[in-house]
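Across the two complexes that follow, chain A remains constant while its partner is chain B and subsequently chain C.
After this line comes the complex of A and B, so read on.
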């Protein structure tokens, strides 16, 4: 017992050399890998990302899935309600529509397609009834399925919606990319050189930013005609300002960082400083900003379409669909519900994705995976 | 002391933080008690759990913190169990806290009068006039003059030290019984720090307050009275009275800390004692004694069992197996002796070497002004205002001064980050300061390099270590890729890292390791002159010594000349051959390190020397702080200039002042 305890109180490090640094375990974790690790932990963002992926895939392949064409008109089958196989058995999206008719016409016209009489009432001594009828049976096309219904010209809403979202996304991505390129270059020059250069460049931005956005955009679209490119460019007219301010702030922050100074003391040129030291550190912000810029571009595009400056018929976009739908909102809600639902999902998903990216790239959270 | 009433008791406090990485065990069973009217100092390195403990007492823990067990008893109540409402009543009126940064602990858009009276008016419903009266009294008590006018001013109109005084007044407004000071002087300059410490002591005595004083600086602790608790890795490992801790430390960590800190008396020809390694990661708290892996006197049992608190005397306890009756005794003297054997001696500097007579760097009338605004609103800041000095080959020239005195600007002007407003800088006899930025600058940038202060900000987080270190070589375009790699690996070895660290990113390294990477980056280009800008001030005491030793070693190995910029005079005194003291953009005194320490002439140097906290309680008790008032200089008639009063000893002053300085120099000798 005695020997054991003596052993216990024996010095062990006494002659050891200076302690070596701890060995690292695992792989080296780079910037993007680190961000990915953190992004994956954020469930909402990952879900949002998956939803966006699905929407993108659908906007590419969606229009091809059924047999209809986005511009194929069929006045006979105009304004059909939505009917989706399988789900129709649950009593929703089953092609049933509620209408008010004279009571006597039930027997004459709607005998076959009648589903249910909801209520009967009188208007100026005329017997009326609110009835539910199966539109597909009524029109004699029980074999057809318009998943999201049809519009006033009998065009398939499903096909048009996905084609519309494709075009909205193209406009958004296009305008976002232009915004990033212009914004990064402008912001980088302004922030890096500072002083008088910065002073002048910022005054120019203030002048541009001072002009009401919608006025220029409307004039621009009026002049060049409402195509994909003119609308995308119109959205860039002032859209890059936010990005350039962000980048300028980043450059201001990073150009005074000690590692940038260190590189300068070693004789690095401006190009090395900008592209090796400053820009890579601002990449996180740029990615986050782009993810957040897309929904606002989609929204602006929809707004333009809504006020009648959208794409020319028959080309759909989410905004065009919405503006068409709202005219018959109460009678044919399916024309508004589906595009509204899609645009809401898109906006929420992009915002969630943006937030997730912001947290993932947050330098203060580095190394805490 | 025993008959004093115990006012606050922390029992077995165990705190964890939820992070992405897992549970961080920040405090692992902290026990202490605070008596009425006493000061308890808690010392420890960053991450030792001292601030967390204080915040737990205040109930100010962040959301991701959990108190796993333990009690905090104040007046018979357990503060942990109180609701947020009840805690609000205690905060401020019973227990108040002062934070580290006076810049951010005051609301910038609120008049300071309102900030002081806010708590009084809201909590105690004191009428406005009465509250103001009390606030004015408090402001006077914390040493602010012109209180009536000051009462209606905003925080930006106060200097850092003044703001900390206001913060103290705010904390005292509701007459708390306990004052928790969390590093209240860390963000301040030494001379201001000395004044604030005096103030806290005074107030503590006057009001019979109980003070918990949290700091990482042992020198500051020695200044505070009563008891000291030393924390390491989430535990209190030793506590006792100031004298016991400083004169008879029992825990090897305390001993190591005391030996690792250079003070003004430290023999500068010997290596400092450096504690190897870094504090443990509290994600996975170690088994046994947390300090064991870094302890030279670790025993087998230290790795297996956690040591209990051993009693040394009635007031002195320490948690180390060395105090076990079967263990060999290691006291402070044997510790010092044993560790001294291992330390290397540096070569005595050969003064009369011909090479060392030649200045490698000459700075002549350097002026560096910064301007902002245009026309009438133009503002000129004279960061460096007409300074001249030489640095000789192979020496370490220390530049000290408080923040904002222009020492960093001087360094940056020399290396060419700024273009001087006026004046010349010669390197090896060639003018490098003007117009040469693009032509011949390559050559100079390789011969002068710089080590930066902040180990986090000075390494690009997007680059791997080998890219960071190799950058200088890559920029010079003189070497092939393979050659660069080879030299990077060699350099890593030299600064004590290994090849496998090369592919890592900076965030995986600790502060000390990062600073070593910074040193490697500066030295890989084979510079003749290295400018070290506060290379150790962001590091913990136990790491500081490692870096200083490394710098000293490399200096001999690479035959370097160093310009060492720092605000800590005791470190500069230990480390440098000659010292320049800067004040307000001007060099006020230049002398050999020992000479400056023995015969300071300029009143600012004297004040600086008198303000340095020294980890020796006897010295601290007798210390008189000399206050420097720049208005004593009357330069309206006589032009001041730098005059050599003794060989190698320059001082700044007017003719009549110089006469006086010379006279006092004769008295000294």
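After this line comes the complex of A and C, so read on.
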């Protein structure tokens, strides 16, 4: 039967065979892409990342830029002040040093190199004077430029500083990677299995964490000698504990979830559950923690150098340079100021980068420190 | 509560015992001897070492050590300050470190809290940005860099303060003046830490619903902030301030070295380097004890400061 109303309706989709969703215009945004989008908006972190890149590049190529070697000694030119071309015209880093001398020796010894007499005074009837002299002219090497000066053995500070930062970074990255691997595995096992396993593993952590860090590190370094590998490993002895705690917390959070239960019912083994299904949730934390672990490793390395457990000569590291500089700080500040500046920049940049990464991977944490 | 404390104390004693035992075996298995005079005849050297039971099997030495350790007696120093009782050495070193640390604490807690509050109240305005930048800088830059810079520019160039700390035993004005720079160098880091924590906590508290309630009841912003938000945000602060209080008994190794303060900092390293086992064990025990006690006090303080946690824990 045909009614009148029937004819009024038309099938509009009769021509098109299948109904389709509208295609997405943009690209699909995954977890990492999403995080990177947020990271790029954080200008401070991006700047920090660029600074770190520059320092890394300089630590690779810096020592090759000038003609000096990091261990080539030259006692004649020891403790030269910094002298940088172009900038020297501004009156800083121009190789001028202030010294106190007897007044009569100005005429004899410092006549050519004298820049300026700052003041004259008397000590027990001897005429003394504080004068500024051009050390490069005084030593007869006006054609040489030690950009950051030289140390007490006449080694070029610029070359040593970049080589030192290279070694500090190597130590930091080495110890960071070991910490991450050990911490992830330990935390995963402890968090996934729980119960007695967890109890025992946490007590072990308590004992290891209870011994003052410096004691273990000092003993370890004394035992195995102060090389790059022993120092890096010494920093791992307790460094993995923080990482393992974070990972354990993640496992506690995710192991009871339905998707894990579903996967287990389908016959997934423990290993698959741990590494395929639960661990990827912690990737953001792992990346953030690795960025934050590097400055603390650099700090610990410098700390060790300060208490006399630095790398063996002639190999420099930022810590070794700082502690060597500290000993002659008052007479030759240039040996301390450059490494101090570099380590400060490096630490600030890594901390900013870590904060930026954390905000990017987990926006709910933004603002909390 | 009492049962919980007792439980924790027993666990702590066991942990402490394990730590001390492990350290004992690690320390004593180090190669070398505390006698480093190459001209000393072998027999004399052996006789001296015998006197301190150093040539007996480790397990026997451990027995001797435990016997004294029960009475908290670590014996006498054998290399650093020969024949002086270890506890006596510690008793002379700890007050020196404490002086500097206490002043640093007195300076850093109020300053840190005030900066944190200021930043939180002016969130996302200029004071907040300035304070946040300072916080990042002061947390990142190592204290020994500050110490070096202060020593060079303020003590040496400007001459406002002495370069190293004076050796006077008692706390006089001149000693205090010489301690200003190490106190500052120690404080920057903790000021930044406290300020960062206070800011984060207070920001959260200011956005909470009880603040809305307080304001809808007619309290002004100042009243609501001081009476409700601040109180609540101070609870988690215990987390970082208590370790600072217990930390005053240890020394800061590098700062003490830079300003030549004869405190606890260097004793440990010197003792280990000189193979002075009794002193090393004494210092180690002291540090471990303080560390474990701190963790315990922090855990217990949660219940005492915040009643909600105490009630929740009883189930």
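Side notes on the structure shown:
Simple rule for what comes next: the second predicted complex is superposed on the first by the 322 of 369 C-alpha atoms of A that agree within 3 Å, B and C clash if a C-alpha of one lies under 4 Å from a C-alpha of the other, contacts with A are read in each partner's own complex, and residues count from 1 in each chain.
The rule is short, and it goes like this: a residue touches a chain if its C-beta (ideal position, glycine included) is under 8 Å from a C-beta of that chain, and two chains touch if they have at least 3 such contacts.
What you see is a predicted model, and the numbers here were worked out from it, not measured in a lab.
Within the superposed three-chain model, A:30 lies in touch with chain B and out of touch with chain C [touch as defined at top].
By the touch criterion defined above, A:312 lies against neither chain B nor chain C after alignment on the C-alpha atoms of chain A.
In the superposed model, A:343 lies in contact with chain C only, and not with chain B. Looking at the shared chain after the overlay, A:277 reaches chain B, while chain C stays out of its contact range.
Of the two partner chains, chain B is the only one touched by A:41; chain C is not. Contacts of A:265 after superposition on the shared chain: chain B is touched, whereas chain C is not. When both complexes are aligned on chain A by C-alpha atoms, chain A residues 367-369 touch chain B in the first and chain C in the second. Within the complex formed with chain B, the chain A residues making contact are 5-14, 18-24, 28-31, 34, 38, 41, 257-268, 272, 276-277, 280-281, 363, 365-369. Here chain B touches chain A in the complex through residues 19-21, 274, 276-278, 293-301, 303-304, 321, 324, 326-328, 412, 415-417, 441-442, 445-446, 448-450, 452-454, 457-464, 468, 471-472, 475-476, 496-498, 500-501, 503-505, 507-508, 513, 518, 521, 525, going by the rule given at the top. Residues 15-16, 18-19, 22-23, 26-27, 30-31, 136-137, 139-142, 144-145, 148-149, 151-152, 156, 163, 196-197, 199-200, 203-204, 253-254, 257-258, 266, 268-269, 272-273, 284, 287-288, 291-292 of chain C are the ones that touch chain A when the two sit in their complex. Interface residues of chain A, counted against chain C in their complex, comprise 203, 206-207, 210-212, 214-215, 218-219, 222-223, 295, 299, 302-303, 306-308, 322, 325-326, 329-330, 333, 336, 340, 343-344, 347-348, 350-352, 355, 367-369.
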